[in-house]
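Read through the structures below before going on.
Next, two complexes with subunit A in common: one pairs it with subunit B, the other with subunit C.
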Partner chain A sequence: MLAYSLKRLLQLVVSTFGVVTLVFFTLRLIPGDAAAALAGDTITGEALERLREQMGLNKPILAQYLTYLWDLVTLRFGETITTGLPISGLLSQAFPITLSIALATITLSLIIAVPLGAMAAFMAHKGRKTLDNLITTAAMLADLMPSFWTGLVFLLFFSLMLGLFPASGMVSFDDPVTFLKRIALPVMVLSVTQIATMARITRTAVLEVLSEDYIRTARSLGWSEVRVLFRHALKNAALPIVTIVGLSFGSLLNGTVIVEFIFTIPGLGSLLVNGINSRDYQLVQTLIVFYALFFVSVNLVTDLIYKQIDPRVQL
Partner chain B sequence: MSKTLLATIKTPGFHFPTISLPGKSLLNINKKMRIALLILVPILLLTAFSSWLPLPGPLQTNLRAIMQWPSLAHPFGTDRMGRDVLSRTLSGVQVSLLVGFSVALISTCFGIVLGTVAGFFGKFIDRAIMSVVDIFLAFPSLLLAIGLVSVVGTGLWPVIVAITLADVPRFIRLQRSLVLSLRSRAYIDAARTVKASQWWIMRRHIVPNTIAPLLVTASIAAAHAILVEASLSFLGLGIMPPAPSLGNIIRDGQTYLEQAWWISTMPGLVILLIALSLHFLSDGIREALDPRARK
Partner chain C sequence: MTFMPVDTETVLRVQDLHTHFFTDTGIVKAVNGVSFDLLRGERVAIVGESGSGKSAMAMSLIRLLAFPGKIVSGRIDVAGNEVASLPESELNKIRGSLVGTVFQDPMSSLDPVMRVSDQMIPPVMRHLEVSHKEGEAIAERWLGRVGIPDAKLTIRAYPFEMSGGMRQRVMIAMALSCNPRLIIADEPTTALDVTIQAQIVELLKDLTAETGASMLFVTHDLGLVARFAHKVGVMYAGKLVELGPAADVFAQPRHPYTQGLLRSIPDAADGTRKRLFQIPGFPPDMRLPIVGCAFADRCAAVRDICRTEAPESTYRGVNHFASCWAPTGLDQSVVERQVKMPERIVEAELSPDPVRADALRSDVLEMNNIHKHFVRRSILPWTEAKTVHAVNGVSLRVKRGETLGIVGESGCGKSTVARLLLGLEEPTAGEIFINGSAQMVFQDPYSSFNPKMKIFDIIEEPLVVNGQSSRTERADKVCSLVSQVGLDQSFLGRYPNQLSGGQRQRVAIARALALDPSVVVADEPTSALDVSVRAQIVNLLCDLKDELGISFVFISHDLLTVRYISDRIAVMYLGEVVEYGPAAQIFDDPLHPYTRALLLAIPTPDPVREAARKIELVTGELPSPFVLQKGCAFASRCPKVADRCRTEKPVLRNFSRQRETACHYAA
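Entry: the complex of A and B
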């Protein structure tokens, strides 16, 4: 286990290095450098040259690359080009918000999807297919609905028509109730897709386990159907469920960008969209690297949990 | 975990069906394909002949008919400048279909070439190609497309380039795994023993056998590309107004959600229909080509 964790950690470092390298050199392909982007039309000639020198853009590209790497390793992300705010400060404000949305979505989806999927499998096993068919169809539809569209429909219905949740306003951890109300709609929107995927996987996994010998044994011991389903069947179906949580994390991250934009939540996604709109490459490149690192780390954790849950898994 | 279970776990839209050559079987239109065509053909026809419909042009404003409810004259209503939403939507569908089709086609071509090279030659070339692929796969797909848009810029063709670049790595990986599984087949060994050239084996035995699973994947990739383009345009990073795209029409309607819900919701329904039909198409193709997938 330890050897495996170390090996995966090394892989993580290598792929992060790859990501950083790719991002650095790709952004250098943009016509006109960061200094020109910052200066706009106002600064030209000698002043522009001085700005370049200040930003280290007149050094050879390899030197710039090494400086950039060293800055990343020592966690010096620098300042945004447009506003001059320290990027690390922006990240430490935005990341907890996005993380809470992601974690809340995963929790809510698991709470709803796992029992739902298990029930569907149980019904299907007994030959009653209605709930099963319903879930399969709903899952497919929910999977294909563009999240920005679901977002707007939810905004229209729950916020503008029913007035249940605020559509805008401050997002701050100081006031937990307001915070939860504020992230409720985004979490619901993201959960639609997640629940669809998770319920479908749970259903398939449980259905497969239900025909195993040990389930028949459990039944023959006279235990109730509910206990057999939730204690025995579901436990053995946990592996694919963990896998799908890990696999769908990418689409969850994609979704956070969209919902943060719709509900004006100052998370990583809003930061990224604003960064691109204001051509703030320093900010954009840091964010992209940060997202990739986040995503890859989650995959790593999923793999480790996987091994922890099921000792049979050979890694 | 059993094989069937592994197959149902969703690796975004990518399945690994083992399939024989696409031949006659593709012509047997099954139920799922029929559903797909039933949705897709009317949309295609409406889009193709949109200029013959009794609708104002997609860019034609009419300040006397601002934010009107859906009616016979304007089936999807009108927007804040009195433009006909149906007309704009159809024009947006053209963009979506162009993006979906181009991305699927270009990604498949690149996937075939690079994936075959990586899988067939192995060793150094394989490692080089796959390490770049792995780096790309370290990003969630929409985020990768957003990042690439910041480099290539906005507009129709840059967006197609960005989405394609974000999609190609998955095609390469699929093609490589298909080639790897084919490479050890007996008939390839047979071809080797009669001193067939590598190029000939690749062209004659390997690539044709990978077309079918690629076709299944390509139709899902088209649906995916349409959704990504719409998302980009919605975020204001894709196709820029006044040129209509489904994403930017929906973005446009967001401000007037309370007064004119139809501006945003109608184009969204159309996206859903297109994505749904492409999924049915992909499922249908898979069933047609792989008898074991039939229930």
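Entry: the complex of A and C
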């Protein structure tokens, strides 16, 4: 366990360093720089050069890189180039919102998808194909729907027609009920694909487990089908489900961009898009490093959960 | 065999059971009218080859059939419960309480993510209606009773922390924990080593005798039946073709199929090497309707009536029934037909005097003090690397045309030796000399073939790799190879999945012979095959040995077959050879205590001999391979262990001119 933690920590440092380096240099491959973006069409020539000097963009690229690395190690995220706001402040505002949406999506999806997938697998195992086909087809269809489309449909239906949830407005944590109502629509939109994926994965995993010998053993001891399915089969099928949850969690933090845009949520996704549009190296770099760290941490947690579920997993 | 049921209460009555599997490609009629009774305390063995419907029958008894299996008709009466028509909820009250079940593979039959306690205690609580504490006490008592040391500790363990033998003990404890009146055991020892198998069989025998539970025991090992059963039922194509008291069935088998099966096993006591009897052909496709007797096509005693009318089960002696038109089965007709049958029983010459032969033959293979260590290092530099001493100083020689058998339990390093011989692994130390080349035949031919390649390409492949012949030369060679292994040329265009297990193994042998090797290493080549097919492959290997003068290294845990095919035998234990010498001498007079224990553990298909034999079981299991034993590796399990054995390692030394053994006290 100790060896494993050390190994993973080392991995974390190495992969973060890789991401930092890659991001730093690729960002600078994009034509145009932050100064030009800031200046727009108004400032040109010498004035622009002066602006570059102010922003430290005239130094050799390697020097910029080293400065940046040192800042990161000393946890100085600095300010955005374009607006001059402290990045740590922006992050601490956006991150909780995105995190809440991601967590709510995962929870909602798990509650719906796992029983659905297990049910489908059970039916398929028993040879009762109708319900299985129904669930599988529905999952496939749901998976095919792009989020900008479901987003608009949900907006029309739940917000404009039924008036259940607000389509826009302030996002604040002050009042939990208002907050939940505000993020309900994005969560539902994001859940559609998540449910589809998770249900499919659950079905496959459970179906495989159901034909294992120990399931027959459990039945031979007199346990009912329901108990066999939920106590024995699901626990053994949990590893792929946990994997997909881990991956989804990572992608939910990135992939909410479109949904955040549709529902005007000031989350990490919006922050990133704005940063890229304005060539704000500092902001984009920091965000991506943040994503990378988060992704690696989620993976680590996933692996630790593996060990909890399946004692055979060697860490 | 001395135990007879004390009363005649019927625990299980099966009447005209039909179980079908409704698959996409047709209805597989797995069980086709099986009827029998089982009395209290009685042990019945159901034998048959794979596909005979024996497992489907056993699983029908408690309705544990997987989809698309279904009981179509028939009555199953378990102690007054009509199982076939019982609703699921009522059935669940019987499962685990009235009927205990033990399955084949202990490695996969326990839930891997649950502790033993979580799997064992809840059923006890439910069926016996006791508290968790009482349930735990009962579970621990049973674990102790099945021979698990430290039951209190083991009950907290996960299955993966236990050996196969221990897991099977847990399985048995689970099956027995609610005092069932009937135990259904589906090949309970097939996945275990011989010494462990012997322990488990003794355990089941003792426990059923103590508790008075009846037992239905499904197996393909006729030796086990002789050791274990009061009654035998032989299944073929979904029917019980013969049913009777074990002693009668073994002494006077009446159905040609039973007779064939019994003759296809090498005889341990018989020193002469006769050709093994083989049953030609294959079992019928159970999807197709069977007209007449299902065995007719493979039967040497077939008559006209066999092809049109199915024989009824008829009385052949006290409680002894057989379904055959010929009252005595093969016996009368077989003599005339022997001559015509290609699989005739031939008295082979006695193998030539090994001393004289030694002088004539040269060594084709020599291993000198081979070591193979597998090292597992941790990422932390201060922890010590773990080393498995898989092979620990093995020296072996094989002469031209000689067959060396390597026997030992799983984990003894015999397969590593095979891999070393072929150069698939580099030895950590020591040298291997091969005069010529070595080729391999694997245990499971199916997984050793590329499923997308035709048989022709599979056999041709080594020739292509070798690259020394033209296309037409290769085609000629492939054709001669297939006929050499007894296959028709029409097989060349087929894919591996279109062949039966025995045919695939023939292809594997043909592939191994393609480059004219001097040594063929066969790692468990017959263990995945059914008894009758096994005899075909063993006969083929013997023929090839005689015709081509190839040397074989035959690795197996099937001691009867090893003895039959080998000239010399090396017995391995924990990476070392503990005994080496001519096959017959080792079997007749084993020197090393481990060899003796192994030989005692093999059940022989003869109830009379089994009953007379006092089985001295080797206790315990293999010690951890991570710890290098200071003294004799076998010391922890040896019945004759002395202080010297624990401190001083015995070396393999000459005992007589031809025999070597590694024991301080061999005499």
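Assume the second predicted complex is superposed on the first by the 280 of 315 C-alpha atoms of A that agree within 3 Å, B and C clash if a C-alpha of one lies under 4 Å from a C-alpha of the other, contacts with A are read in each partner's own complex, and residues count from 1 in each chain.
The rule we apply is simple: a residue touches a chain if its C-beta (ideal position, glycine included) is under 8 Å from a C-beta of that chain, and two chains touch if they have at least 3 such contacts.
These figures come from a predicted structure and were not determined experimentally.
By the touch criterion defined above, A:235 reaches subunit C but does not reach subunit B.
Once the two complexes are laid over each other on the shared chain, residue contacts for A:70 go to neither subunit B nor subunit C.
Of the two partner chains, subunit B is the only one that A:288 touches; subunit C does not reach it.
In the overlay built on the shared chain, the residue A:201 is in contact with subunit B alone; subunit C does not reach it. Touch criterion met: A:218 reaches subunit C, while subunit B stays clear of it.
More residues of subunit A lie in contact with B than with the other chain of the pair subunit B and subunit C. In the superposed pair of complexes, A:173 makes contact with neither subunit B nor subunit C. Those residues of subunit C lying in contact with subunit A across their complex are 62, 64, 66-68, 88-89, 92-97, 100-101, 103-105, 108-114, 119, 123, 126-127, 158, 160, 171, 174-175, 378-380, 383. Against subunit C, in their complex, subunit A makes its touches with residues 2-3, 6-7, 125-127, 211-214, 216-225, 232, 235-236, 309-312. Residues of subunit B that touch subunit A in their complex: 1-2, 4-5, 8-12, 131-132, 134-136, 138-143, 146-151, 223, 227, 230-231, 234-237, 247, 250, 253-254, 257-258, 261, 264-265, 268, 271-272, 275-276, 279.
On the side of subunit A, the complex with subunit B involves touching residues 15-16, 18-19, 22-23, 26-27, 29-30, 140-141, 144-149, 152-153, 155-156, 160, 197, 200-201, 204-205, 208, 239-240, 243-244, 247-251, 253-254, 257-258, 261-262, 272-273, 276-277, 281, 284, 288, 291-292, 295-296.
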